[in-house]
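Read through the structures below before going on.
The two complexes that follow have subunit A in common; it is paired with subunit B in the first and with subunit C in the second.
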Partner chain A sequence: MIEAVGVGKLYASGDGSEAFRALVGVNLAIRDGEFVSLIGPSGCGKTTLLKIVDGLLPYEEGELRVMGRPVTGPGPERAVVFQNFALLPWLTVLDNVQFGLQLRGVERDQREEVARRNVATVGLQGFELAYPRQLSGGMQQRVGLARALAVDPQILLMDEPFGSLDAQTRNLLQADLLRVWDASRKTVLFVTHAMDEAVFLSDRVVLMATGPGRVSEVIDIDLPRPRTDATRTSPRFVELTSYVWDRLRGMILGVAETTDA
Partner chain B sequence: MTGRQEAIGSQMAPRRPVRPSPGARLAENLPLAISALAIVVTWEVVGRTADLTVLPPLSEIFAALWQFLVDGTIIESLGVSLVTLLLGMALSIFFGIAIGALMGRYRTVEYALDVYVNAAMAAPMVAFVPVFILVFGIGYPTRVLTVIIFAIFPIIVDTFAGIRNVDPSLVEMGRSFGASERQLFWRIRVPAAFPLLLAGIRLGTARGVKGLINGEVLVAVVGLGALVDRFGTPFSMERLYALIFFLVALALLLVRLVEWLSRRAVRVPV
Partner chain C sequence: MAVRALRQHSPQRERWLKPTLRLGILALFLGVWQLLGNDEIRLAMPTFTRTMAALGDLLSAGFGDGSLLEGMLITNQALVGGYLAALVVSLPLGILMGSSRAVAKVASPYLTILLAVPMIALVPIVQLVFGLTLAGRIVVVFLFAFIYMTINTMIGVREASPELKEMARSFGATRGQMLRRVILPGAIPAIMAGVRLGLGRAIIGMIIAELSLIGAGIGSLILEFQVRFQPAYVFAIVMLAVLEGVLLMEIARRIEVRFARWKGVQGVE
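The block that comes next holds the complex of A and B.
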């Protein structure tokens, strides 16, 4: 579904000397219907990688293919759920959700029907005519999710979507996301900085390291599905989460040591 | 995703705008009432006791204002002035938004015009009026042009700034959903620019009224400006002040009116 072979991202430096390497040699193969999280210390390029997969950012090295085709820009088979929601404040919930369909020229009746269905899917029925500012953060991100689902993408790219929400709201949204994913089996690439979130949601967790940004390790999450609140307290969940923490701590301390030296 | 509506019921209630309590409104209005009263009383007392030509008592000013309104002096001049202003503002808003939007849409247009627009924002526009008089005489074209050169630049600048400084994450979202440059412009940049565009129109209207009077004072034969010229003598100070009060009130009223009209024209909740 998504194949990265030796993908690297360079930022030209201002004075034309050596370029800054944001990502090097990223190899990753994500299967159809798989849920994969990217996690790593800040500066490891996880959001950069997600934006490259969406086609929002160009890459300079290697090759990236989505559904067999090289990525040259955004495409209809991919949709992003953004970290800061990125809702249009002058549009109602319903109009925000149908925004992607409108850009594609879908007829009014049809896109409105699709939008209503997706608003219901994320549990916001009754709020179709509300404006984003009238909603809580969690509800706003539900709108963001509905907007992405409305264009019926095969691949859902989620950029720290629950990062700004409080812990309770985050747990509810994680459970809801899994329910939606279960029903649709879309391929999900999910960027997060929360270890428990990565473990709870994913089939595999990709650990990324800094300096330069790269894939450090891929961890299989063998927790049974469907995952529920009980999953969060199971010994295996705790074990996997502490393993991820162990690895991340090593990385963060490693970085601290090299900067100290 | 059903069956947990209740669990987060409190969170799901849409926030309604809360009306300010009577106490809060008093806290807001009382200081203004006190300062206004202080000014009125001081002005009246100083005007009566000091007997200065340049500062007639407030009561005489309002008497003069009342006189203007009943004898038709102002109404007659107002008609001429309003036609000038409305024409000038309509042209300023139309071309101001068009130029600002083109600058926001195309870098080439921005590079071509930005310097002049910024220079014009700083330039003392009243200096151009004699030039207009030389070229166009003292008729409508000169006065309308004066309104335009006062009003159009803040509208251009704010439209441009509004379109250019849209939250980058909204533009990124649009790109991600496959929006073309044209769609990004019309569906994201233009509506996002609306609050700033309104501010530009508001500022432009206030400056347009200034331009109107400046032009008419210099032309000195028509409209409210001609009255300013006529009453600007030591023997008619209370009438000059009455006129100034009227002009300020007119400017405020027009700013409100234009704001209301533009809100209606583009139905966007801001």
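The block that comes next holds the complex of A and C.
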């Protein structure tokens, strides 16, 4: 579904000296219907990688294929759920959800029906005519999710979507996301900085390291599905989460040591 | 619940407090005017009541050559012509300057000059080129109005949220869709503020054009009553022009609020 072979990202420096390497040698193969999380310390390029997969950012090295085709820009088979929600404040919930369909020239009646269905899927019935400002952060991100689902993408790219929400809201949204994913079996690439979130949601967790940003390790999450609140207290969940934390701590301390030296 | 009740209480207080305050200040102003005026000496400043009588006299003449209503109509031709021309030029120019760095670079020195130079300094040049014509007065109104509308439109377009633009690009927006669905709606509050400011400036331009490039409008009437030593009539005409300005600005303000409604939507959580 998504194949990255030696993908690297360079940012040209202003003064013409050596370019800054944001990502180097990223190899990743994500299967159809798989839920994969990217996690790592800040500066590891996880959001950059997600944006490269969406085609929002160009890459300079290697090759990236989505559904067998090289990525040259955004495409209808991919949709992003943004960290800051990115809702249009002058549109109602319903109009925000049908934004992608409107850009694609879908007829009003049809796109409104699709939007209503997706608003219901994310549990926002009754808020169709509300404006984003009138909603809590969690509800706004439900709108963001519904907007991405409305264009019926095969691949859902989620950029720290629950990062700005409180812990309870985040748990609820995680459970709802899994329910939606179970029903649709879309491929999901999910960027997060929360270890428990990555473990709870994913089939595989991709650990990324900094300096330059790269894939450090891929961890299989063998927790049974469907995952529920009971999953969060199971010994295996605790074990996997602390394993991820061990690896991350090593990385962060490693960075600290090299900075000190 | 207590907090809710408190919140509901204060707008109600404001509802009668504000108009009362406004009426009070107006009454105070008119009272002082009345006291400062002098109706014994015809040449002295007229009282409020004498001014109102003069206004009634002028308005009762109805339409016709040399009447106040006819004069207002002629004067407003310059306002309508100049303001519409400014709208037609400012909005596309502002959008262009906001979306293209190159256009902004080329045009901004001229805009800076127009911002720095008092427009009234350009009136003699307009008079030289156009003479005492309607076209000249339209040009003056245009010059006064267009600069703020252009700059506000440019800023509104330029400051469009990068996050929203990225989102639209991700969903496959074309350049045209980006402008129509993301950039322009986001710029509407800034554009409407410019449209309101521009109207205020256009009204100033209209009065200045009327007094300096005297045509058949209220400018010639004011001149006529000045020459005939009838200050009450001069006051009456100026008062009518001021009232028109206040009325137009209020309409513009209401339109602006309406367009920027999404910015002020209150939370209901």
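Quick notes on this one:
Everything that follows uses one rule, which is that the second predicted complex is superposed on the first by the 261 of 261 C-alpha atoms of A that agree within 3 Å, B and C clash if a C-alpha of one lies under 4 Å from a C-alpha of the other, contacts with A are read in each partner's own complex, and residues count from 1 in each chain.
Here is the rule we use: a residue touches a chain if its C-beta (ideal position, glycine included) is under 8 Å from a C-beta of that chain, and two chains touch if they have at least 3 such contacts.
These numbers were taken from a predicted model, which means no experiment stands behind them.
After superposition onto subunit A, partners subunit B and subunit C are found to clash with each other. When the two complexes are overlaid on their common chain A, residue A:M1 makes contact with neither subunit B nor subunit C.
Of the two partner chains placed around the shared chain by superposition, subunit B and subunit C are both touched by A:A79. Look at A:L135: by the touch rule set out above, it reaches both subunit B and subunit C. In the superposition on chain A, no contact is made by A:L50 with either subunit B or subunit C.
Touch criterion met: A:R104 reaches subunit B and subunit C at once. Of the two partner chains placed by superposition, A:V206 touches none, neither subunit B nor subunit C. In the superposed model, A:V180 lies in contact with subunit B only, and not with subunit C. Legend: residue contacts after superposition of the two complexes on their common chain; A:W90 is shown touching both subunit B and subunit C. Judged by the number of subunit A residues each one touches, B leads among subunit B and subunit C.
Across the two superposed structures, the residue set of subunit A contacted by subunit B and also by subunit C is 54, 56, 74-76, 78-80, 82, 84, 86, 88, 90, 99-100, 102-104, 130-131, 133-136, 151. Those residues of subunit A whose C-beta lies close enough to touch subunit B in the complex are 54, 56, 74-76, 78-80, 82, 84, 86, 88, 90, 99-100, 102-104, 120-123, 127, 130-131, 133-136, 138-139, 151, 169, 172, 176, 179-180.
Contacts from subunit A toward subunit C in the complex involve residues 54-56, 74-76, 78-80, 82, 84, 86, 88-90, 99-100, 102-104, 130-131, 133-136, 151.
Against subunit A, the residues of subunit B that register as touching in their complex are 1-2, 4-5, 7-8, 11-12, 14-16, 169-170, 172-179, 183, 187-188, 191-192, 194, 268-270.
Residues 163-164, 166-174, 177, 181-182, 185-186, 188, 262-263, 265-269 of subunit C are the ones touching subunit A in the complex.
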